[in-house]
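Below are structures written as structure tokens.
Each of the next two complexes has chain A plus one other chain: chain B in the first, chain C in the second.
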Partner chain A sequence: MAMDFQVVVLAGGYSKNLAPLVSKEVPKALLPVANRPVLSYVLELLEQSNLKDLIVVVEGEDAALRVGGWISGAYVDRLHVEVAAVPEDIGTAGALRAIAHHLTAKDILVLSGDLVSDVSPGAVAAAHRRHDAVITAMLCSVPVSGLTEPGSAGGKDKSKKPGRYNIIGLDPSKQFLLHIATSAELEKDIRVQKSVVRAVGEMELRADLMDAHVYALKRSALLEILEQKDTFQSLKEDLLPYLVRSQLKSEIPVNGTPPGEENGNEKTGSNNNQILLSRILSNASKPEFHQLHELGHYGDTTRRTHKCCVYIASESKYCARLNTIQAFSDINRDVTGEANYLSGYTFSSHNNIIHPSVELGAKTTVGPHCMVGEGSQMGDKCSVKRSVIGRHCRIGFNVKIVNSVIMNHVTVGDGCSIHGSVICSNVQLQERVVLKDCQVGAGFVVVSGGEYKGESLAKKEK
Partner chain B sequence: MDQRHRVQRAVIDPKVRQVGFFAPNPNPNSDIPARSSPPLAGSPSNATSSSPIIIIPPPPLPAARDHPASSHLVVGSYDAASESLLGTSSPFPSPPPSSARVFVVDGEFSDDSWQQRSNSAKFASSFPSDGFNLTAARAVITPEADASPAVVSANEKNEVNAIEVNNERTESSKPAKAKLTKSERRALQESQRAAKTAAKGEGNRPSAGAAPGGPGKASMQPAQKKDTASAAPSTAALERRGSDRLPEKDRKKDVPAPRMQFDDKSRVEKAKRRAVVNQTEARNRVELFRHLPQYEHGTQLPDLQSKFFQLDPMHSAVYKVGLQYLSGELTGSNARCIAMLQAFQEAIKDYVTPSEKTLTRDLTTRVSSYVSFLNECRPLSISMGNAIRFVKNRIAKMQITLSESEAKVSICSDIDRFISEKIILADQVIVKHATTKIRDGDVLITYGASCVVEMILLHAHEVGKKFRVVVVDSRPKLEGQKLLRRLVTKGLNCTYTHINGISYIMHEVSKVFLGAASVLSNGTVYARVGTASVAMVANSFRVPVLFCCEAYKFHERVQLDSICFNELGDPDAVSKVSGRVDVNYLDDWGNKENLQLLNLMYDVTPSDYVSMIVTDYGMIPPTSVPVIVREYRKEQLWM
Partner chain C sequence: MGAPKKSLPKALSSDDPEELARVPLQAVLLADSFTTKFRPITLERPKVLLPLVNVSMIEYALAWLESAGVEEVFVFCCAHAKQVTSYIENSQWRSQPNFTVTTIESHNSVSAGDALRLIYERNVIHGDFVLISGDTLSNMSLARALQDHKDRRKKDSNAVMTMIIKRSKPSSATHQSRLGTEELFMAIDPVTKQLLYYEENANHLKGTLSLDKMLLVDNSSITLHNDMQDCYIDICSPEVLSLFTDNFDYQHLRRHFVKGLLVDDIMGYKIFTHEIHSSYAARIENYRSYDTISKDIIQRWTYPLVPDILFPGNSPTRLDRQGMYRASEIQLSRSAKVGPLTVIGSSTVVGSNTTVVNSVIGKGCTIGSNVLIEGSYIWDNVIIEDGCELRHAIVCDGVIMKSGSRLEPGVVLSFKVVIGPNFVVPPYSKVSLHQQPTVEDSDEELEYADNSSDTIHSSTKGQVDKLNGGSSSDLSEMQQQSIPELGLGGMGYIWSICEGCHEEEWKHSVAPIPPEKLTEITRAIEDDLDIANMDRNAPASSGELKPDTQVDSEDDENEDSRDDSVYFEKEVEATFLRAVNENIKVDHVILEVNSLRLSYNMQSADCAGAIFYSMMRLASQLSHSTASELYKNVGSVVGKWRKLLKSYLPGKDEEIEVILKFEEICLESAKELSPLFTQILHFLYDKEILSEEAIQDWETEKADADESDKIFVKQAEKFLQWLREASEEEE
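Then we have the complex of A and B:
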């Protein structure tokens, strides 16, 4: 590849966070967002950036088979994807460790498979390359879109924990990551390294940024650390904080040599020349605090540093991760709503998408920001608002569906009312069921007249 | 024929005095028409024979280069002969013939240089079957034989003019060519012929020898160009011959493309379509500097970044250097040049010749695409232009027998050699020379942060000279602070001041050491903005001004002011003061209609204020720059 980057998509497996939604048949990567697997959003984002050689890492053999099957069907002639299966629950760092022998390029771009975004991954890579950083993380502003929607706020505030986001310290130029406190540490007081603050001069602490789980990593450093620190489980929780912490007293072997030292074939140039050359170059470039710190006040004690960079996506871009049930509904709503350019569909003049094969009963209305998949049928006097309905669903008479996601092959009896809920595939709702903020696992049958609020309904695992 | 001789003499004589060609010739035009007999005015060929003198004085050169659109106007304003030349061109329906007249001028030049080297047999073979022309040409050869010093400068001129030619062609002659049908072309030829005979008729001397000699010579140019590779095609008719496409391309390789004039709307639009980087042009540009590129700062970087993976042909090393230019992380012409060359090396190492293509050609286009990308990131410095010319030359001159890997190794080692000889070793030599000029007790002043000046100061300190340094700095870049930091850590005794205080500090100063981005062949020094003020103040205090500049930064261009060619920095850098939140008077005033911010990057120090230029060829007065340029260019081309 021209830019010497390798792309790894961490697609996860059967995430426990999304308990009733994912099932044996549907691993996390294949959860539908606007009737498309969530993984397709990442893959298409990469495809747009002309990144066509990908490694998709899936936890669990079974899930890998399913994901691989879907990818090879959907992207057979567009992308060159290798699907690697890794054991379950080894974490993101563990997953990288497991596929370490596949990594050959100079830098690795790691994306989470649950990312729904239109931020170009190239920007992250470019920032990484420009600074010759060890790690570059993409940060995006915390999505506030869901909160601004009137009528959709019901029940959401409960699940939204205020401390879900990280506290991130940046340098004044907003290019370097100086401090990161992950959720686990947030309970404690914030501890900031004195040496970093001294080196940089000032630090900006922000809580309104979210780690989008898009990292550019220097391969040599990554492999080294993964090997040394075999307890590291997660990129976000272990590796990134470690790199940020140790950036001024680096333990990583220096592989990012300045270009002047890479010319092995120079015959005439004496060593002296090379020193002069690199001095000219380094004098000419703007010294970051890293270099200043390396020089230090003590003269010749050479301290090694490495750079941890950030790329902050502009606020106009959409960026969200599907890692909670709440996020699942939010993203589904956004992709059919205000971020509908992500869905890849063209919306009708009513701002919704109804597949031509859909049969709608008399006096049935489908509002804006809705989507009804292929082959679904709806009875009379139904009302659908801000919801996504999958393929081949059968919906009876007088059904109200608001702010919900209904997957494929769902049968909804007459007179049901579904509010803010997620109904998985092959669910059967009998007559007059009322669901509010519920999740119904795949294949579940809700008996007629049942009323549920804020519950998770799923079949018992046998 | 002796009339012809005399004319040739008249051509040659001023050329011998070319060292002084920054000194404006008081009235070169008034005496030439007097010497060349009246009929010359009318016929194009004769007009050309007086033209070398027209071309020689420097003012038209930068002018012609920087305002290619108005090139013939400039030439026209220089003498009465070409005034009438313009007059004769008016009956022609389309512009190409009139611009072709300008080329005939060049053609004559290349004739001169060519005739010196080539034998007359070749000459004859390239002739149309016209015996009379042959004798005319031979007659021309004889006086040329003793005019060797003139030839080199003629080459240089040719180059400058060739730029014009390329320009003209892209602008006007191509579309015209496309439109012409066969009959139209014939009509055009006919009308040209008629005009020529009319012109002949006008002359009171029958000048049968000279007049056909002119077109004859023009028509033999394509053949000559294969040898000299320096002449420009002379007429539109000749351009159509396939044979001269090739040398024309060669020409382009050597010469950096003409500078875009950014006040020319249509061309800017065209360039934008080609551009890799999406750039929004700044709205409020200072009137005088409209022709320079200036973009809305801060729009380029995100755009370029997000395209990281889409820029397929770009090599990652080149891309990184481009980003560094764009973000201002890498400044200083030496460093930029080295970084660029090293990126090229990386790119060449990874280069694989596509099938059905030859390395020489494909790699040249590849390098050109890199160069245009870097140019979009930040306008190239003159030193980089020279380095690029070197690289392309090496690629073009690559022996075809070499295998791909051998060729790549050879180019890479050439680049290495360029870096080490032209930059590193040159710096060491400069340091050695300049150190001899530092005496104990001196107070040296420097401006900005020149890497070679820094080396000089450090070296002088190392060898135990006792001196003090005044580092003069200026906003917005405050480059001096970095230099100061490095000097102070090495234990030098320093004073730091801003340029506002220059006249006070100059009292105690004994020598001025300055760096330069380029030294132009009229001795003008092109350097970081503010340098000229320091040099001028020093001059008025009778303090010697020493410019330290590697010879690879010398350029044959002549520039009289810092307007026609310069670089515009981020205007916000002037209006905002970093670290001072209270100085916010101009915040978000950037888009006010009646406010224009100017952040010039370079200025020009006239040679009057330059006491000495310390270069790797020794310490020279500014008047000797053309010599170095000439010798150096030769060396570079045949290295």
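Then we have the complex of A and C:
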């Protein structure tokens, strides 16, 4: 794609809300999804859209080194990746501010490094260019995560919270973003600017779409706002809502002209205004509402607008972000389950992947939608259902693993039972440990006979 | 009033479903708009009998109902009821086959709510019915909407009403529709078409709409509309009537009934919408819609309800080129220029060199020479002498304009007004033989000030007498008085434009909006946008506050609700003061406050706060010279209105609200009360208005407050301690 787009992947750092999954050795970007780092999904997605010049922004020097090391190993000939380290906890807008001097292209495509999706970022970029928008956000259907088969254990995960991520207002053509409410705002009544409803006439408010954190941005506008609004920390929570709110009264310079300097054409403009205004008053057929609003003005000031667009991914596409522990489990299950085309592997006729080097004991079964990594061993009478097991794990006799993710080099003693849990690398579970809905941090040892439910087990920090 | 119930035809009230299915389609036509928008004209003639393109408005409504398959119409007459009844008696509607028109008269209804309650009492409605007001014009087919309504009813008996809507985008400049009505915001479920939110007469200063968050929990998608016009045609189930009866404080169909159902939705009743696309439906709400709809008729949007197609009440009219309609026996001077889109009624004479453009002229008018009539509506038997000029004016029956007089845009001349020679009537003037009613009268939501008079003449006299507060003023005296007002030989009063509506006058006038107004408005819109942006951006751009969206929007929310609550408080105070002055019963005050609470969407706690505030204000305004006298005042006010306050104190939370309000009063509006805080608090406790728990909770709530917030806790410390000890002892 010859589009002049620069791609920024925000890969995060040691995300605190993913503790104890992330560790010093494994920053968020390297968390495994079907036994490969989550970041690889975004990178390969971009590669498919022929977007190969990337800046990967990582929070913290140390994490950046690890991520950079992995990328240069894995993508040496395929992508041109620059890894930039930024300070921790400066937010997504802060991260872009920190690397602003690297941004040179007309438009910037910003993706989150925790995205697992098959929606083409190229399509987002194209929609952005088509409308000459200031920002184009990718929206996808609220994930219906978990299993679709009835009666499966995964179903109960969903009952925890009905998916409500955003409230999104769209114009009738579903091309423009007119309203967005995020996080805390969702708990309150829905407050919509009347001026926007007036300009458009009809606005559809939807709760079944979510902001996938893939944005195409006009560089000039982005840099201007980052500079002016120096308190903006988050793209999603600050920048996007701000752009949406101010779209009918834009404060953004058009193509680099600061406000107040494009008064040269005002005289001719005011003539047009009169003509257009009479059209508005007579309810004539309407051009695009932005235009109308811009010209539908009758006075001495110039009214400017900018466009906030959306690209709505088809419902059949997969789109999820690995930003919670729940999401980590869900995505691992999906990528080995019904979205297994995302994993990049070919599944066996049993609908699972067992590395040829794996040794399975007698009467041990590995069900469909499972994955067992290279060099792992399992004793007799084990049962694995809907789980991912990493590399070089040693699993004893009579072990049950259901709906769980086990990372690399994990030792599981005889008679253990693991349900709905995540076991990080180098963990040791002694005999007859029972875990239900637990997370066990890297290197932790669970002594024999331990029973835990819904707990997070990890070594004390330092 | 219960008497008519017994005289019902028994066959129709049968419960047999077969029987019910055969109930003919009924309609209720409200022949009173319960507004004063068409004053002064409506002081003399009911709105539904005013001519619209030379045919009384009610004729259009009845003609449509008949063509839409309605078989039985109940015309509810209130103001000038006798005029409406006698009009119907003498009309052709009495002799139509399969179409009966029955009038129901009432003299004490002041609202659509009263009307519907009365109709419920009469027990004449037996099935789904069409509810319209007599000033509605439509050519839509009801079949589809009715079928949808019935289908929905079968599935969900709570679907009590279907509201007809039509696409019409209000002007982005004036925020009003082409009919001159205020912009309307609605939220509709895109799939079921259920109405979820309805806001008219929106407060322009408020830049945001606030929708209940539950709306998007129950539905994954809703559509917000600013491009729909409410046609005021409703298909209702009989439950609507009983709902009005159950909620006796419902007055207005939209403001109370629709809002009540949407907001307070206790019973789960639902309202649905039906959008019409190609057919016409509109209501003559004000002078601007009168103008717009007249033009629509002339341009045949309302076909078959157009001047050259005969329907009862219409007189034979011929359509010429360029949309000129001429009735019979017209005498047009050869040199007269009658432009396009014009209607001229029978037996009208037009003199030489006279120009008539975009106007409607009624029957039997005499128009002199060299007259200019542009965009005006001239009713019957009007005499316009030579050299007059009329632009965008409404001229009622029997008006005489002496030679050379001129009407500026937006003028309304009511019946039999005489304009002196060469007199110029200033823009937007309303001229009537009647004096303007006093402010209290116009406060009432009545179409007409007086509705008991039988004939125009006696109503005229009664009216004037009443309005002048009994001072006898007969017509001749009036003429003398008004000579200077309307030129030599002029007759009538120019009504002063009432306060408040002064600004809005141009909005609802027949005259087009002047360009300078447009400039002004667009500038206002800019500000409007500023407000909308400002309230959310300010903290972020100032850089002082963290861009925490939560903080922002909370501020924002407070801002808005503060606005509302200030208005609410004022209204409650006014209501309360009126109750005190006029010695109104507590129960009635509770009713009134309840309706305020509904329309402002407030909680019990807000009511309690507002009432308490009003009480304290009253107490501090009653004469007193010492603190103890003030305390006595408080005691007597609280003593007298205890019941009112108590009715809004169902629980502890409301009581705490009162204490908090009290603190605020002491700090802001009535500082003299602050030394008495503890004393009054104790008094409220003794009177069992505040409970021990509420007072203690208030104290706990204040524990973490700033020192400055604790003044009153400290003041009341002894009392609080006493309370604590007392409760400990009890235990």
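Here is the rule we use: the second predicted complex is superposed on the first by the 407 of 462 C-alpha atoms of A that agree within 3 Å, B and C clash if a C-alpha of one lies under 4 Å from a C-alpha of the other, contacts with A are read in each partner's own complex, and residues count from 1 in each chain.
Going forward, a residue touches a chain if its C-beta (ideal position, glycine included) is under 8 Å from a C-beta of that chain, and two chains touch if they have at least 3 such contacts.
Note that the coordinates shown come from a computational prediction; the quantities given were computed from them, not determined experimentally.
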So, A:351: does it touch chain B (first), chain C (second), both, or neither? neither
Check whether A:4 is in contact with chain B, with chain C, with both or with neither, and answer first, second, both or neither. first
In the superposed model, does chain B or chain C contact more residues of chain A? C
Go through the superposed model and pick first if A:72 touches only chain B, second if only chain C, both, or neither. neither
Can A:448 be said to touch chain B (first), chain C (second), both, or neither? neither
First (chain B), second (chain C), both or neither touched by A:314: first
Now for A:126: first (chain B), second (chain C), both, or neither, which partner does it touch? first
Taking the two structures together, which residues of chain A meet both chain B and chain C? 277, 280-281, 283, 286, 299
Where on chain A is chain B touching in the complex? 2-5, 49-51, 120-123, 125-127, 129-130, 259-260, 262-263, 265-269, 273, 276-277, 280-281, 283-287, 295, 299, 311, 314
Looking at the complex, which residues from chain C come into contact with chain A? 168-173, 175, 178, 183, 185, 187, 190, 202, 206-213, 215-217, 219-227, 513, 518-519, 521-523, 525-526, 528-530, 532-533, 536-537, 540-541, 543, 545-547, 549-550, 553, 556-557
Contacts from chain A onto chain C in the complex sit at residues 162, 164, 167, 169, 182-195, 197-208, 228-233, 237-238, 241-242, 245-246, 248-249, 277, 280-281, 283, 286, 292-293, 296-299, 301, 303
For chain B, which residues count as touching chain A in their complex? 302, 304-317, 319-320, 323-324, 327-332, 334-336, 338-339, 342-343, 345-346, 409, 412-413, 416-417, 419-420, 423-425, 427-428, 449, 451, 454, 482, 486, 489
